[in-house]
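In what follows, structures are represented as structure tokens.
Okay, so chain A shows up in both of these, paired with chain B first and chain C after.
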Partner chain A sequence: AVGPKGIFRVIERSEQWSVGELEPEDFGAIRELSMNPIGDRIISAFFSPGKETVDFASFVRILAHFHPTETSRSRDGVQPEPANSRTRKLKFAFQLYDQDRDGKISREELLQVLRTMLEMQVTEEQLQSIAERAIQEADLDQDDAISFDEFRKVRGVDLIRDQIDNWEY
Partner chain B sequence: LSSLSLFFNPFDNLVCILLGISLTVWFTLLLVFIIVPAIFGVSFGIRRLYMKTLLKLFEWATLRIERGAKENNHHLYKPYSNAIIAREPTSLEEEIKEIRRSGSNRDLDSAPEFEMSDIFYFARRGVESIMDDEVTKRFSAEELESWNLLTRSNNNFHYISLRLTVLWGLGLLIRYGFLLPLRVTLAFTGVGLLVFLTCLIGLLPSGRLKNFLSEKVHLMCYRICVRALTAIITYHNSENKPKNGGICVANHTSPIDVIILASDGCYAMVGQIHGGLMGVIQRSMVKACPHIWFERSEVKDRHLVAKRLSDHVEDKTKLPILIFPEGTCINNTSVMMFKKGSFDIGATVYPVAIKYDPRFGDAFWNSSKFGMVNYLLRMMSSWAIVCSVWYLPPMSREADEDAVQFANRVKAAIARQGGLVDLLWDGGLKRGKVKDTFKEEQQKLYSKMLVGTPEDRSRS
Partner chain C sequence: MTAACLQHKSPFLRLARRSSFLPLTGLMCVLLLVFVSVASASRDVVSENNETWRGPAGETRGDSHNQTNSTAHKKAFPVLSFNYEHVRKPFEISLWILLALLMKLGFHIIPGVQNIVPESCLLIGVGLLVGGIIKAIGEEAPVLDTKLFFLYLLPPIILDAGYFLPIRPFTENMGTILVFAVVGTLWNTFFIGGMIYGVCRIEGGQLASVDPLSCLLFGTIVSAVDPVAVLAVFEEIHINELLHILVFGESLLNDAVTVVLYHLFEEFTHAGTVTVVDAILGVVCFFVVSLGGILVGAIYGILGAFTSRFTSHTRVIEPLFVFLYSYMAYLSAEVFHLSGIMSLIACGVVMRPYVEANVSHKSYTTIKYFLKMWSSVSETLIFIFLGVSTVAGPHAWNWTFVIVTVVLCLVSRVLGVIGLTYIINKFRIVKLTKKDQFIVAYGGLRGAIAFSLGFLLTNSEMKNMFLTAIITVIFFTVIVQGMTIRPLVDLLAVKKKKESKRSINEEIHTQFLDHLLTGIEDICGHYGHHHWKDKLNRFNKAYVKKWLIAGERSTEPQLISFYNKMEMKQAMMLVESGSTAQLPTIVSSVSMQNIKPRGPARQRAIPSISKSREQEIRKILRANLQKTRQRLRSYSRHDLMIDPFEDNVSEVRFRRQRVEMERRVSLTATVILFMSVRALEIQDSLCS
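Then we have the complex of A and B:
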């Protein structure tokens, strides 16, 4: 969880980078992130579209998604949704697919994700067939793209209850 | 007015006399207890006594903090222990299966196919690494479990008790008011003597006398510098000390490493020529005995560097070379990848492990955070620098290994002896970026899970 130890580390990190704002290159020093096939996408999740830097407050706000969801909290319709709600986490994952932020995962976007996760290890035909199958299973309104609502209902995503609720770094 | 001046004059005289006396006493004490033993290489044991006293004090202070925290129900920030920091590596396959298992109750023994939820695994790992990754941990100072009365090393410092605060204040006074000036004086003395005497020796013709004197002078000045830092060093296995024609290889935590090693033996230093005070010292040192200094332009030329090193090593009258293969300062909890250059030359390698005791003061130099002067001031205002040096038995490159394997073997030996973690990573990463080949590994693992290996596919 983003508890005292976590925040301390984050602050140390930002001091280490010793700038008021982060750029995408700053994340490059994190070895495990560079080894992660979707590392670049995770990094761009921190930056608003069109912006090239992220300030500390926004940085922390995004990390706050990863605090465990408090399922016992009573739902008050008036309060804004907390950063770590299940929906927000799903949205974060959705946006890893939907890079142009148009609210839908197109076939091409899906292919791109598959390509980065699998790169040279599979053939183009295999990639196409994997993507085809995934879209067919998820695309309920037959518009050849996966919207956020459809994403939530995808088998596997809809029931990842425990995983997401306890999702913490 | 004249009566007033009469009143002040004797008083003035008295103050001057007192000042004169105290200065003389001060310098005599300095000479007798510190400089003379440094010249002869003996020790009164004052520093060890000092160390024992400090330890007892720290224990008391830590107990007080813990007791105080319990009383006030403060949440004590407990840093992770000294044990190996690596997480339990779970395989990619296991974790993804875990994610899928929680999502559906499909039979997972059948061939797993891509699921959109798989991305959660990669996302979580990615963010985990942003929060906390293995390599960057090595570059921040080690976090202590006990408190050594230096606020800079403690995150729990808030008001616990009057006694503790008084003690801390007293400590501050002693360190900055007494120890720091003393040490700065010693440091200047040591460095000044080094420059002056080596220049003198440089005037002598080459021969046994010159080498002998040079050795004595170097040792003496380094010993004074050791006392200037109040460094309490324990040398182990001195029978393995590096000999002429060899290369001494050690792990690197701070620029002080040089002083620590050079006060126990004579080495030829390797490095880039700097400007300023450092440059003056370097230039005068090389007058007395051959060190290997490179101009900035020469440093990039690997062949030139290798040639000069191997020329030096072949001449058996020259001193063993001292090299820090990590290339940068690491925080003394682990050993990073050794650069292979020095292992390529074919000389005997004498590994040395240096481990600092962090209870007394953190010797790690985070060069991206502090400049050199800032760092030295911090060192000189700490309580003491306590470290252990192990001389490991000499190693040579075997017929069937290449330079990299040899370097790793030496690194493993040093890490094992010093109780440090052996990390297979490049110290240059503190500032640089990662190569793409490592991303491929993750991709291979994932694709293996989904579509099998190329061999499987070609078979089907």
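Then we have the complex of A and C:
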């Protein structure tokens, strides 16, 4: 799980801690996060769909995704998959793309991600071409969207696996 | 590089395969002999006496005498004269380089050799051979001049390495690399120096006169991992990126340590006594040398980037700016006894992103290939000279000393790596496994830098002994370790480099994940790696790019420039190789509906085509039609090539792209597509 230092810092930043729950506005108080292009996506990832607040346990559960993967862990089938396994991490990243949680990254969702990341410095046509190309590279079953399996198989993600394994905190 | 040569399937190669090796080896022998004769001629001391002249140079003397004496007797006008003296020096230099490169060529043509023996070993072997022949003749062989090495041969290799340094793995592993470079080299120096001194004390006899400072100096020279040797060997084994950057980064960064220690110990041997103040000054000196070197490099890098902003009208000289600024950085650092290597690396690293955004595509290619070319030539020359100098130099062989040195080098390297990895792994997330440690330890090769530094030593009776030991260590590491590292890598099943091209997905996801991790770090309040990287990127985007990149490219986000580069690469591939280009797109059955309805709309007067012509067209199209389908699928209306069948104005959209590229590509593409449509029309008309 997250180290104790991290939790204390988060506690310092949120004044609602006594109540035991966090709201999106508390996250908005973190200045750097508001400058982050995908800041609001990250914030919304903490909140389960429909809920307005997040309690401590869920908060920590989300952050647990970011612990380094222990590849040498032996798992029997009974134990539930740990939060920091590679698949769960990939799933977390995938869900950040897939805002409507339908299990696929549609072209529109990809365009939205690109738009936020490129911060309106590009023309619409360039965005379209990039999204087109990305989907072409990844889309194996020709449904014009990227499912989770296709996401995992994409050549690029293969190389990022090392990066994902290295997530700390 | 090596594989590409073999695949070229030149007629020479086919000939070589069919016939025996004899003609090739014969050719090599002839080359060797010419090499040797030139070398011997070049060593002749230019003197006034005629007796010392030999070989082709001898004739010129007589001739020039004749010419100077011509005023006395009236001779006939010389129609053809021989004046070698005039061009002697450049002629010999060029001939040396040419023959060295022909050797290198020869190695690649002889099949099978390079799989067993790395190129560096072969070149050293050639050098030994040449040196041996020269010595047998009785001439004095040329030695690897230290000034020549440090000022002319080393910089191109380092610049090539620095300019193309993979930044991401380098910065990610910076801590590890620094620990290996600084602490590892220090450990090696003191361990080897100390143990050698102890052994000398114990042995007595000839070795008793060796004092501790000389031993430490010797330890410094022999303990530094050499970038040239590492590059030469590692390039052929295609090891995974992490290990490559660890060993290579270490070899680059330990230059600062080596420079400081070398000058330190040399001063001390002259001064005689060492005080604590001197030791502290030494530590300060280290920081000055390394940080100063980096600063000098960065300044020149920024200057170079700034200059490249204004070169849009004089594209031809753009590459020269890159080379000259970098070389100046190296020389300026050497003036102040700072670390020239680090300065060169810093210059290349700082300059590269801005220069690449500013220069034309042709200049970019020129820079790339010139750097590769110069570094290749330098490397070849260095290894050959190493072999020649070995035969030439004065030697003092002392069995104990040499054997102890070699053993100690190995032992200290292994111990150092294991010990440091144990400490480093506590801070690393991706731990270094035992296999990784072995490769890092085994890859610590010594090379020509050690030799040159040894040559710089002031002449003493120990210098020859030291030099012999250094040469032995170099030979051992380069030949034995260099030859065996490839089978060992295969044996241990070490991860090799993944030869995959960067895809647009990878780029998008990498950036996305960077943002994600930065965000998470911000939530936790943890100012980690990503936080600072993000800050640097913002600073770069907000201030630096505006100053150093010309025009509107300065606001272009990284993803867009990457995408443009990809598209351009793909378009160029298509233009260059008609039917053999591999497109990463999916082959899907494209409906010809895309063109069919347009066809009749573009009714042109189809001239009657003869049967043979039509066959020709059909054949070409059959070969290319598959390509055409793919092209139509991937090159939709958003793409680089102006699709002549679209009435949407794609030209307007891509005005920001490079115009000449666009024109060229679109022209060829238009021709091909037009041909295909015409052929289809012909087919239609023939069928109906």
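In the analysis below, the second predicted complex is superposed on the first by the 157 of 169 C-alpha atoms of A that agree within 3 Å, B and C clash if a C-alpha of one lies under 4 Å from a C-alpha of the other, contacts with A are read in each partner's own complex, and residues count from 1 in each chain.
The criterion applied here is as follows: a contact is a pair of C-beta atoms (placed from the backbone, for glycine too) under 8 Å apart; a residue touches a chain by one contact, two chains touch by 3 or more.
This is a predicted model, so every value here is computed, not measured.
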Will chain C clash with chain B on chain A after the two structures are superposed, or do they fit? clash
Quick check on the superposed pair: does A:Q142 touch chain B, chain C, both, or neither? Answer first, second, both or neither. second
Is A:E132 touching the first partner chain B, the second partner chain C, both, or neither of them? second
I'd like to know which partner A:I42 touches here: chain B for first, chain C for second, both or neither. both
For the superposed three-chain model, which listed region of chain B (26-34, 116-124 or 170-178) is the one that clashes with chain C? 116-124
Chain A residues contacting chain B in one complex and chain C in the other 2, 5-6, 9-10, 12-13, 27, 30, 32-33, 35-39, 42, 63, 66, 93, 96-97, 113-114, 117-119, 121-122, 126, 130, 133-134, 138, 154-157, 159-160, 162-164, 167, 169
Looking at the complex, which residues from chain A come into contact with chain B? 2, 4-6, 8-10, 12-13, 16, 18, 27-39, 42, 63, 66, 92-93, 96-97, 113-114, 117-122, 126, 130, 133-134, 138, 146, 151, 154-164, 167, 169
Where on chain A does chain C make contact in their complex? 2, 5-6, 9-10, 12-13, 27, 30, 32-33, 35-39, 42, 63, 66, 68, 93, 96-97, 113-114, 117-119, 121-123, 125-126, 128-130, 132-134, 136-140, 142, 154-157, 159-160, 162-169
Interfacial residue positions of chain C with respect to chain A in the complex: 429-430, 498, 500, 502-513, 515-526, 528, 531, 538, 555-557, 559-560, 563, 566-567, 584-586, 588, 634, 636, 638-639, 653
Taking the touch rule as given, give the residues of chain B at its contact with chain A in the complex, in rising order. 75, 77, 98-100, 102-104, 113-120, 122-136, 139-140, 155, 368-369, 425, 429-434, 438-444, 446-448, 450-451
